[in-house]
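Chain naming follows the written order as A, B and C, and within any one chain the residues start at number 1.
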């Protein structure tokens, strides 16, 4: 859940993400300057994703830069998905490092404002974008490394969990976890499956029931992250780790990855519409809308 | 397997447990004094289950008090299932702590006398009650904590494994595990699944093949229990832990729990009759009956 | 993948392994001297498997003795399968210890020469033998212990993983793992499943993507082996461990083992032909044949 109370300057996005994706595929190879491209596309606002692709190494660094806390709004998710898809289609791009440009936070998770006071259609469109983000990242053929340089609750944790490797800044103030139950909501089955694939059944059962947020040491201990480093070394370490993964022939590695993840991915891919319907029914309930409203009021007061 | 050689004063219980359960549901809310209620129900004998429900905290403590070793007899299981169902239906009851009133033992497991020299019908009724206990506890919407203040082999271990959290008394003389193979019998698939969900595939494979009983330190190390405390602090610790779990909104936590356990529960729920038939065929074999007879003789001599 | 560049004196083996297996079953009980039997069968060459069966303990020790590195050739696999099947059918044989007679290596894995420049029919026959080895060992009713007294990459690691218990010589020069991706190939789904059953999903995902080879300490830490001992104590330790496992009634232990492994075994058993077709299509590709050829040239030069 995002801590943001409002989205400012949001440009209108119409149509389904899948339509955007298919039109996007005509772009072909990623352009030399995806940052500029993104700026051109959303000319009413600054891009929420910065992609720096190093042709010499075949590695892209994607920086989440949506102030203040990289909330996963529909706009943010759309930019992210387009960015990932373009890199995916660029055969010269073999690895992707995801990190944050915002201080102290990797991503605060789903943007609450996308779920409050919105039409069912709009809620459905938002949820499809969340699904798309997960499908694209968890199913990526690229080597994906999360350089988690800040807190990463809920949807932020999910995004990290899709990656092949997780390096976290060793700052005890940061935390990571799927804390949905603490807010009275339930992590969907594919959040659950992703965590189970990482931590096993038992640890996931406790983590999800209690909505636990772990500090970096705890996260390392249970396997929620793979490595801790001082914050100023996180990108260097991510790049060094990437080098190790790049030594493996892409084709064999990508098939192996796909075989491991396919059953989990197929489960959502073949149930997307039902999952969206389920989400929309839940989130548009009066009781849930009321809870969200109160939560947002509380956040406003805390800041005001 | 229970160490008891005989059940004394057993009152005749007729009909299937499921019938009892459905008639029980007309009771509605749990009564103020379930202990008295249980005494009324089994007026020929003292209740085998003591339930103390604290309205102010929403937490019930269920004490197993069937001397000498809390064997899981049909009568015991029936009382236990009725007790759990009544608490389950009482919306004010949010958490359940299960512990033992007997010294040195949590529960010795299934009562052998229920399986020796009994008619197939009676064996089937018994097995349905074992299933029912597991279905009710593993599928409970309440927060369930096992305060394991004594040894907990076989069925006793299974009962612990159904809970959300396991605290064990740190006494090296106590042990816990599914030790069925040591007695020449096989843990059914749902015992296996429950252990796999807790320990993972590999540890379960070794634990079940060798019928391993673990002391508390070993049990903690492999994750068979979650925490060790001195025996005199076990109930206090269970209540403190419960407080932590109670801080999570019930609805979200219970749905999460159910999503995690549903596939495992469905597997038995949709195969109950076949599983009963399988058990009855196995247990009524001459060779198995002979083994059970010898085992019971051995126990008698050991005591005599 | 085997390090051997060529198979010398290979006798022609016709027919499918499954045919051989079924004719073999007429042998009934294992003969007193399986070593001699093996020699009679392959009289043009020395046996690649030495089986020493101790009637007094019910334990057989199978030594892999195919110089230089126990490559899994069709001939080797056929001998191994026949040896295992004969022991399996001998009710007096309860346990099997597998170890190597070759210095420094347990088994180097699949024999590359079986996959290079061979007809599709022959490749298919080879792959069926690899499947058969796995099906026989992973599905064995005997207690199986791997005494890993040397390196054990790829197919050698798979063979170890089929066993109930793995003891490895504590020599940091030895390594074990499924390193297929390092050679540009992909571990089939049943290699993957076997490793997942041992290490869990997450560790397997990393191990297989990177094709990691672990030294003994690392292997112990992640659970790829169960115990490390000095190399000269490996067989003694394996026999002591076997004694512990023999204390459990065979019938109950074997049913338990079978229940744990059945879903994994059924998955291959019901997809054998498709899996063979998939392998043959892959391995006979020009690009793969070219890679294998270059790899073998490299090995020749390294030795020459």
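Methods note: contacts are C-beta pairs under 8 Å (C-beta built on N, C-alpha and C of every residue); 3 or more make two chains touch, one makes a residue touch a chain.
Source: prediction; values computed, not measured.
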| item | value |
| --- | --- |
| Cα superposition of chain A on its sequence copy chain B - rotation in ° rounded to nearest 5 | 120 |
| Chain copies touching (chain A, chain C) - same or different residues, decided at half shared | different |
| Distance from chain C to chain A - Cα centre to Cα centre, in angstrom | 42 |
| For chain C, residues that touch 2 or more chains besides their own | 200 |
| Residues of chain C that touch chain B when the two form their complex | 164-165, 196-200, 223, 226, 244-245, 248-249, 251-253, 255-257, 259-261 |
| Chain B-facing residues of chain A, complex | 180-187, 189, 192, 200-202, 204-206, 208-211 |
